[in-house]
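Take a look at the structure set out below.
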Amino acid sequence: MFRATCNTRDFKKVINATSNLVDEICFEVDENGIKASAMDPSHVALVSMEMPKDVFEEYEGDIQDIGIDLEALKKIIARGRGDEKLILDLDTEKNKLNVTFKSNVTRKFSIALYDVSSSNLKVPDIEYPNSVSIKAGAFVEALKDAELVNDHITLKIDEDKFIIYSKGDLNQSETVFDNSIEDDDNALAEFNMGEASRSTFNLAYLKDLTKSTAAEDLLKIYLGSDMPVKIEYEVSGSKLVFLLAPRIES
Amino acid sequence: MFRATCNTRDFKKVINATSNLVDEICFEVDENGIKASAMDPSHVALVSMEMPKDVFEEYEGDIQDIGIDLEALKKIIARGRGDEKLILDLDTEKNKLNVTFKSNVTRKFSIALYDVSSSNLKVPDIEYPNSVSIKAGAFVEALKDAELVNDHITLKIDEDKFIIYSKGDLNQSETVFDNSIEDDDNALAEFNMGEASRSTFNLAYLKDLTKSTAAEDLLKIYLGSDMPVKIEYEVSGSKLVFLLAPRIES
Amino acid sequence: MFRATCNTRDFKKVINATSNLVDEICFEVDENGIKASAMDPSHVALVSMEMPKDVFEEYEGDIQDIGIDLEALKKIIARGRGDEKLILDLDTEKNKLNVTFKSNVTRKFSIALYDVSSSNLKVPDIEYPNSVSIKAGAFVEALKDAELVNDHITLKIDEDKFIIYSKGDLNQSETVFDNSIEDDDNALAEFNMGEASRSTFNLAYLKDLTKSTAAEDLLKIYLGSDMPVKIEYEVSGSKLVFLLAPRIES
C-alpha cells in the first residue's frame, strides 16, 4: 500500500524540477519515503530526488515501484492550488495513482501507471576539488547572459572567483562572482577552492536543471576540470541532485 | 432612432460573453431595451442576451433590427476603458452604428451594419428536474481539470452532490461539490434536486460559454438526463442565457 | 579612446527607441557626447539621437565612429537591471565595444564592431505651420484605435482640434483632442496652429516610432499638409528626433 498527504506547493516544486529533464520516472516507495532517479533521454544528465517521510503530513508505504508518466503528473499537479492539501493514493487493483486536492471542494484525478521499474541508478560518488554555494537567481541570470552569445557555457573556478563565461563568433559574455569582495547581498554564500578548474556544458541542460528554482534557493555546485557538474538543492526537506556531463572541447 | 448611453465596463462584459459563441447577431431594439439571440454556427449552442433600458443611463429606441458583426464590435469595445462613458448611436442614413467613448478625449468608431434580420429565436421553455447555483470561478476551474483528460465532460446530480466528471483513455478527473458539507466559502450557493441525472457535453463549448464570467458571478445551471444544459447569469442588470445540447453517448 | 558610465535605465530607453526602426547605426563620438542618426531600411523614416556628455556620470571620448549592430546591443542592454551601473568601453585593439553591468556582481559583454561609418545624416531644418505637445500615452492609444480599421492614418489640425483619423472599407475610427475644452488631465499640453493641415502616414512606422515612450512622456509633433511629420522627445537629457515621410494619397 501507498498513501501520502502533503501540501501542494512543495510537491509541485519537486515534481516540476524533476520533470524538466525526464518524461517518465519510477517512484521507489518504502517505509522511509519516496526516492526516484532517472537519466534524460540522451543520457547526458542524471536527476535524483528524495522525499523522506518527514516531509509528508501523513505517510504509509510498503516497498514498491510506481511508474509515473511525469508529463501527465505535472499537468495534474499544476491544477492544484498551493494552499490545498494533496493526497497521493495507490489503487493497486485498477493500477492507478489517485491524486486528490482537498480544500472546500474535492478534486480527484486518476493516472494510469507506467510499466517502468526501478532503474537503481545512483548518483555516483565523485570527489570534487571545488564547490560553491550560490543563490539560484544570480546563477540563472548568468545563464541568460551567456545565452545571448552561444549555446554552451564555461564554468571556471580561479583565484577566489567563480566565473560563468560564454564566447560566440562575434560577441562574448562573462559573469564574475568575486569571493574576495565583501557584499551585503552576496550571491556567493560559500566558496571552496581546491584547484583552478574549468569545464564546458550544454547551456540548454543547465537551464532545464535550474528552471524550477526560486531566486533565493541556495544551489550547491561541485566543479572540477572536465568533470560532470553536480548541482544540489533542497525544497522544504526534499533533496534534488542533478549531474550534467561536460562537453569535451575539441 | 436608437441612441443609448451606458458605462463601458458592463457593455463590454455582455458583448464579450455573447461573442464567444457567435460571430454575428441582430440587436432587436425597441422602447424597452435591447434583446438578441443567436445560435452558434454548428447549431449546438444558443445564446440569448437581454439589456433592459434600465441598465442604460440614457436610452431611446424605436422598434428595429440592427445587424452587428460581433467580431468588429468586440475589438472596438475592447479599446474602451472601463471608466469611460459609452454612446451607441445609429446612423440610419449611412447605415452605420457609431460607438463613441467619452472621457477627457472623445473617440468615435463607426461600424457598417450587417444585413442580418432578427431570427426570432427564443430560449425554449423546458422544465428541468434539477438546478444548482454555483460560483463561476469554481465551475470554470472544474472545467479546466476535466480538460486534462478528455474533450467532453459529464455533469451529474446525485445524492446532495453536483459532480463534474471526465474520463480519458488513461486518466480521469472528478470534481465533487457536496451540498451536505457546510462551508464558509461555499462555491455551491443553491442545490435543487428532483431526480438523479447525468448528461455529457462538449467541453470546448462549455468553456466558451463561461469564458467571460467573473469568479464571483453566480451561474444558475439547469440539468436533466440527456437534456440540454441551461446556464444563466446576470451582468449588472443584463441577463445572459446559454443553452447547450448534450452529446448523446453511444 | 572612448569610455562612458551611466545608469542602465536611461541608456536602455534611448537604445530601444532607436532600434525600433533601424538595425545598425554609427555612434559619432566626440568630447561632447554621442550622436547618431540613421534611416530605416526603406528610407521612409529618419531617426536621430543625441546623448550629450552631461547625461553620463563619467565621460571621455575622442573623435571617432563606432559601428554598432543595434539588435545585438539591444539584447545585451535588455539584460541589465535599471539600477545597475552601465560602462561602455571601446577596445580599439580587438575592435570591440565592452558593455559592463556593475552591481554586487560584475557582468561583462563584448560586441564586435560593425564596419559602418558615419552617415552624416542630419534632420533637415523644415519650417512647420503647426505643432502640438501631447502625452505619449494618449497618442499611442489613438494609434491603437486607428489600427482596428486600417493600416494608415491621417493626422489633422483644424480649428483648435488635433484629430487622429482612420477609415477602412467598412469601419472608421477618430480621436479628437479638443484644445478649447479645459481639462485637468489634459493630454494636449500645447497647441500651435498656423494653418489647417492634414497628412496621412503608414501606421506601422508611427507605432515603431513611439513604441518606447512612457505614457507620461511629452511628444512634440510638428505637422503640415503632405509634409513629413517630426516627432521629438527627451529621455533624461538625451534627445530623440524622428521624421516620417507622408503617404501621398492618390
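A, B and C are the chain letters, set down in written order, and residue numbers restart from 1 in every chain.
Note that in this section contacts are C-beta pairs under 8 Å (C-beta built on N, C-alpha and C of every residue); 3 or more make two chains touch, one makes a residue touch a chain.
No experiment lies behind these values; they were computed from the predicted model shown.
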item	value
Size of the rotation, in steps of 5 degrees, that lays the CA trace of chain A over chain C	120
Same or different residue numbers at the chain B/chain C copy interface, by half rule	different
Whole-Å gap separating chain B and chain C, where each centre is the average of the chain's CA atoms	44
Contacts with two or more other chains, residues of chain B listed in rising order	none
Of chain C, residues touching chain A in the complex	72, 75-76, 79, 104-112
Chain C-touching residues of chain A, taken from the complex the two chains share	138, 141-142, 144-145, 148-149, 170-178, 183-187
